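A, B, C, D, E and F are the chain letters, set down in written order, and residue numbers restart from 1 in every chain.
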C-alpha cells in the first residue's frame, strides 16, 4: 500500500528488546543466523552509544522530510525511528528540532538511510543517530510517502514493531516475533564467547579451538617453507 | 581565464562574516534559500570546530599542489583557503607545513575537495580542516592552475571573497554581496527556531506547528489501523 | 601459488622498523619516493595511534575469514596482520576474539581491506585497527586462500616481512630490503622539515623557500589584479 | 526463515504478466504509484530486450553461487530468476552454463544484484540479463542461503511469484496480488500518454498541458529578463 | 538569485557553434586549455552521436522535474537543454514525452546530471542524450528551482547561452564569449594533429615528436635492462 | 625501484598466448584457480573483441601520461599495453594518436586503469581498449613514473611479459611462467564444459550434475512447501 500511515502497530516486547540491546549488534546478528544487519553504510554520529527499541518506519521522497513529521506522532516511548527514502538521498532530512520532538516522546534514537544535520547539537543533547551521511542540505515538505510500512535498508527488510539494536558496529533488525528466541540464542553465544576469549587469551589457536586444521587440509591448503616456494 | 593568479580581490565584510559564523552552517544555508552547501563529501578532520572567513580559491591539477603554494601569498588574516582540483583527487595535497604557513598569516582554516595529511599534527595545532579525504599520498609541484578564480565544489560556485562558514555539518558558501541580507534572515530564523524548540520540547507536534495535516490529506495520505491493512 | 601457507618468512629488521614508526606514515612515504601508501580507503577505527611492524599477509575469500585463523599461527611478536580478499568485501571479518588471539602473540595491530566489528571492544582493548569498513556482518570459514603470499592493496604490493607503518594518515608499506635506506632518507627529511617549519612559521613563503616563482612564470601563470580580469 | 528452499510458490497470472510486459518498465512503475523500481544499479547486458515473468528468488552468500543451482530446480516456464547476495558482491555468479539450464526450463531471463560472465555467449544465446556488474571472477559453492524467500534489491521488496518486468530502463517488480489492477491503470496511462504525445508534438507546452504555470507562481518562481538580473 | 526563470538569454553564435561541433569534444576541450569538460560521469545513451548547441539550463530539486517543464518554454531551435539538481539524483527526470516537446522546438539534445528513462524510445526517436544514469524512477512536480541560471556540473560552470558540444567522449562547455577564439585554436589543433597522426603512423615515436627524451632524463628516469634490476 | 624504464623484458611464449586467447577470459581465470582477474572496473569500449598479448606496463602520475609515451618505445608486435596510475585517475590519458603509434608497432590493444578518449575513432580504427572510464579530460607530460615494473590492478599483480587476455568479460593476467600449464588446464576445462553444456541443455540439473544435493543437506538447507512457512 502506498501513501498510508499505519497506526497502532504492535511492538516487540520491550523487556526482551532491552535485554537484547545489552548484548550488542554483532552478537545479536550472529545469534539469529547472521541476519538482519543493515549494512556498513549506516554510521553513528557519536562514539560509544548502544541503544535498542522498537521500529517506527518512515518512507520519504528524496529531498523531502514530510513523512518524518507524520511519523513522529506514531512514535511512543521505547521506539526508534527508522527512516529511508524512495531514491538514494544524502540530504539533511533530520536535525535538532525533530530530535527535540522525538526526545519529548521518549524515542530512543534515529536510524536514517539519508543525511542528518545539527550533529554538534544532537551529540550535545545525547540523542543518538545512525545515518548514511552528515549534510546540512535542507529539505522540503511536499510529497506523500508512508509511515509504518515495511521498508528495506541495506538489503534487509524492517517491519514496524521490529526490534532495532544499534551501537558502534552499526544497526541490526530482529523481527518482532523472533525477539524471544533471539535473546535465548544470543545469550548462549555470549556464554560461549566468554569461554573462547579466555582460551584464546591463554594462547590456544582458533585453528585448534574451532577444529580448522582438517578443513584447511580438505580444501587443499598446503604449508610451504619460505624459500621453497617459487613466486 | 586559465592559469591566472588574481590579486587584491575584495572580501565580504569581516564583521558580518564573523556574526554569520556564530549562527552555523545549517542555519545560514536554510536562511539563504537552501543554497550554497558544498555537499556531504567534505568532512571535518576534527570535532566541534566552527569557523568562518573569506574565500581565497586555488584550482590545482590532480596530484599537484603547486597552486596552493601560490595561493598562500594571496591569503590574509580572516581568510579561509578553498582548494579544488581539475579532476577528482584524493591525494594529500596539504599538510602541517602549509598549515604553519597559513597560520602565520592569520588564515582561519582550509576547505579542500581533495586529501590532507598530517592530520594528527593539524589537530594538535588547532588548524581546522574540511576535506574530501585523508591521505598520506604526496603530490608534485609541476602544473599550472589558478588562484582566486571562481571554482565549483559540490555543485556550488565559490567566488574569491565569498563568505565561507564551516562546522560539524560541513561547509556553506554565501556570495560576497549577500552576507548582509543573509545575516538578517539567518537571525530571524534563529529566533523562530528557538520558539519552535520550546514548543516541540513541550510536546506539540510538528504536524500541528507547521500545519502539515492538511498537506498530508491533500496529497492523499490515508490513516489505516494496523491489522486493517493488507500485506 | 594458490592456497598456500608460507612459513618462516624473513622479517624486516625490528629495530629499524621501530625507528621508522616514530617518523610516521607521511614522512616515510615521501622519503621512499612517494611510494607504498595503501590508499585513503583504509581508515583507523581509533584516533591517535601510531604503530609499526612486520607484515604477515592473509588472502581471504569474500565473506569468509578462514585464512585469518590460519594466519594467526604464523604471527609473532612485532608483526602486523595484513588482510585482503579476492573480491571487494566490507563484511566484518575480524573482531574481538581474533584480536585477543593476536594480542596474546604480541601482534601490534591489524590492517584489513575489508570490515571489522566489535570496534568498541577493540578500542577498549587498545588493539589498533585500520580497515576499509566497520561492519557487524558475520563471515563463514569455508574457502581456501593463502597466508604470507604477496598481496595488493590500494595499488601497492605488500610482501610478507615488509615493514608496515600506520597512523592517523593511513598505512604505508616499506619493502623489507629497503628499511635501512628508508630510515636514512626519512631522518634527513625530518631534519629538513623541522627547518622548513621554522622558516614558514616566521612568515617566509613556500614560493620563495622552494623556488617556485620561476616555475609559475615558466608555466605561463600570470598575475592579474582583480577588476582587470574579464568574467 | 533462514536457509530454506520454498517449493510450489504461487505465481502471478501469466497472461496478465505478459500484457504488463508489453507496456514496459517506466509505464508500469508510474502506473502503480511510482513503486517497485529496482534501481539504476541493474543494467541490461544487451540492448533492446523487453521481458516479463514471475519471480523465483535466490539469496546467496557473497562469492558463492550454490543457491542459484538450488533455485534452478524451482524454476518453471514463464519465470524469471532474481538473485541477490547477503553482502554486496560483483563476482560473476552466473554464466553460460546456468543460462543453458534455465533456458531448457523455459525461464525467460535473469535479474541479478551481482556480476555475470560469458556475456558474449549470453548475448549470442539470446538469454537476457540485467545485472549489477559484468565480471569473470568465479565463485564457490559452499555456503547455505535460501530460495523463494522475500529479498530486497534497490530498496524494494521482491517476493517469489511477483511479476518482474525488465527492459532498457531497468527492472520493476509488481506484487503478485496487484498485477490485475496494475494492468488496468497502466493501460489507462498508455492511452493518456498517447494523447499527450500528440499534443506535445504539436507544440503545446507541458506547462499548459499539465497546468504548471500556477504551481510555479504559487512557489514563488519569478520570470526575469536577462540583463535585469544581478548575478 | 533563487527560483527565477531568466528569459531572453543571449546565445553563442550558432554558426560558430556548429563548426566547433564538427571538431569534437576532446579537440575543443584541449584547444581551450584543457577546460570545460563536464566529467566522465555523463555518458551517452546512444553510440556515435555528435551534437552541439547553446545551453538552456535548468536547476531542479532531487526527485522533481518541475523546472524541466519550465525550461522547455525557454528553449529554441539550436539549443541544448542542460539539467542538474540541487542534490545528487539518479531518478528518471526526463523521458519520451519531454523529448517530444523539445524536438518540436528544434532542441538538439539533452545533457542531464541525473537519470533518464524511455531510453529505447529516445534512441528510436534519434533524440540524443547524455546522462548520469538510466532510471525508470519517476519524479514529482512540486518544488521550485531555476531556469537559465549558472549551474555547475563535474566541477565546471555552465552559463545559459554557452556552447555545449557532446559526443562519445562526453560533454564540453565553451563560454559564450569564447567560441570564436575556441574555433580558431581548435582548428589549428586539428591541423597539427593530422600531421602528428601521419608521423606516428609512419613509426616515429612520440618521445621524439614531442621532445620527451630530455624531460625523462631531467626527471631522473633511468633505463635499466631486465635482469639487471633488483625487485 | 622507482622511475625506471626496464628494457628487454622476456615475454610469455607468443604461440601459447594466442591459444590461451581463444579460450577466453572466464575460462582461463577459472582454469588457473580463479586467479588473475583484473576486476569488473575495467570495461571494454567496444563489443565483441577478444584479444591477448604480452604485457608492457606503464605506471603514471594522475593527470599525466608522460610514461605512456615512454612505454610505446618498449612495445613490440604481440604486446598489450597495460597502464595504471599512482593514484586513482579517470582522465583521458590515451587517445587516437597514441593508438596510431601502438598500432604501427603491432601492439594488439590497451588495458588502462584510467580514462581514454577519442573512443569513436578508436572503435573505427579497430584498436581494442579496456578502461576504467571514458573521459575527454586531457593530461600533462610532467612527472616521472616507470615502465615495465610490476603494477597492481584490481588487487592483482601484473608483471611485464605476463600474458594478458581481454574480452567482453574483462581482463585476466596469467604469469609468464604459467602460460603453458594454464593452457593445459584451460583446455581440459573447455572439454568438460562442452560436456556439461550438453547435459544441462538436455534438462539435467546442476544439483545432480555437480552433486550438490548432499551439500545443501549437510549445510542445513531445508525444503518447505509454500504456505507451510511462516513469513
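Just so we're on the same page, a contact is a pair of C-beta atoms (placed from the backbone, for glycine too) under 8 Å apart; a residue touches a chain by one contact, two chains touch by 3 or more.
Since the structure is predicted, the reported quantities are computational estimates derived from the model, not experimental observations.
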Fitting subunit D to subunit E on CA atoms, where both chains share a sequence, rotation angle to nearest 5 degrees: 120
Counterpart interface for B-C, drawn from C-F, D-E or A-D and sharing over half of its contact pairs: D-E
Subunit E and subunit F: spacing of chain centres that average the CA atoms, whole Å: 30
CA centroid of subunit A to CA centroid of subunit E, Å: 41
Multi-partner residues of subunit C (each touching 2 or more other chains): 3, 34, 86, 90, 137, 142-143, 150, 230-231
Subunit C contact footprint on subunit A (complex, rising order): 25-26, 29-30, 34, 37, 39-40, 43, 48, 50, 167-170, 172, 193, 196-197, 200-203, 205-207, 210, 212, 215-216, 219-227, 229-231
Residues of subunit C defined as touching subunit F within the complex: 2-3, 33-35, 84, 86, 150-153, 155-157
Footprint of subunit A on subunit E - complex, ascending: 61-64, 86-91, 137, 140, 142-143
For the subunit E and subunit D complex, residues of the former touching the latter: 1, 3-10, 66, 69-70, 72-73, 90, 92, 95-98, 100-101, 103-105, 115, 117-120, 133-138, 141-146, 148-150, 160
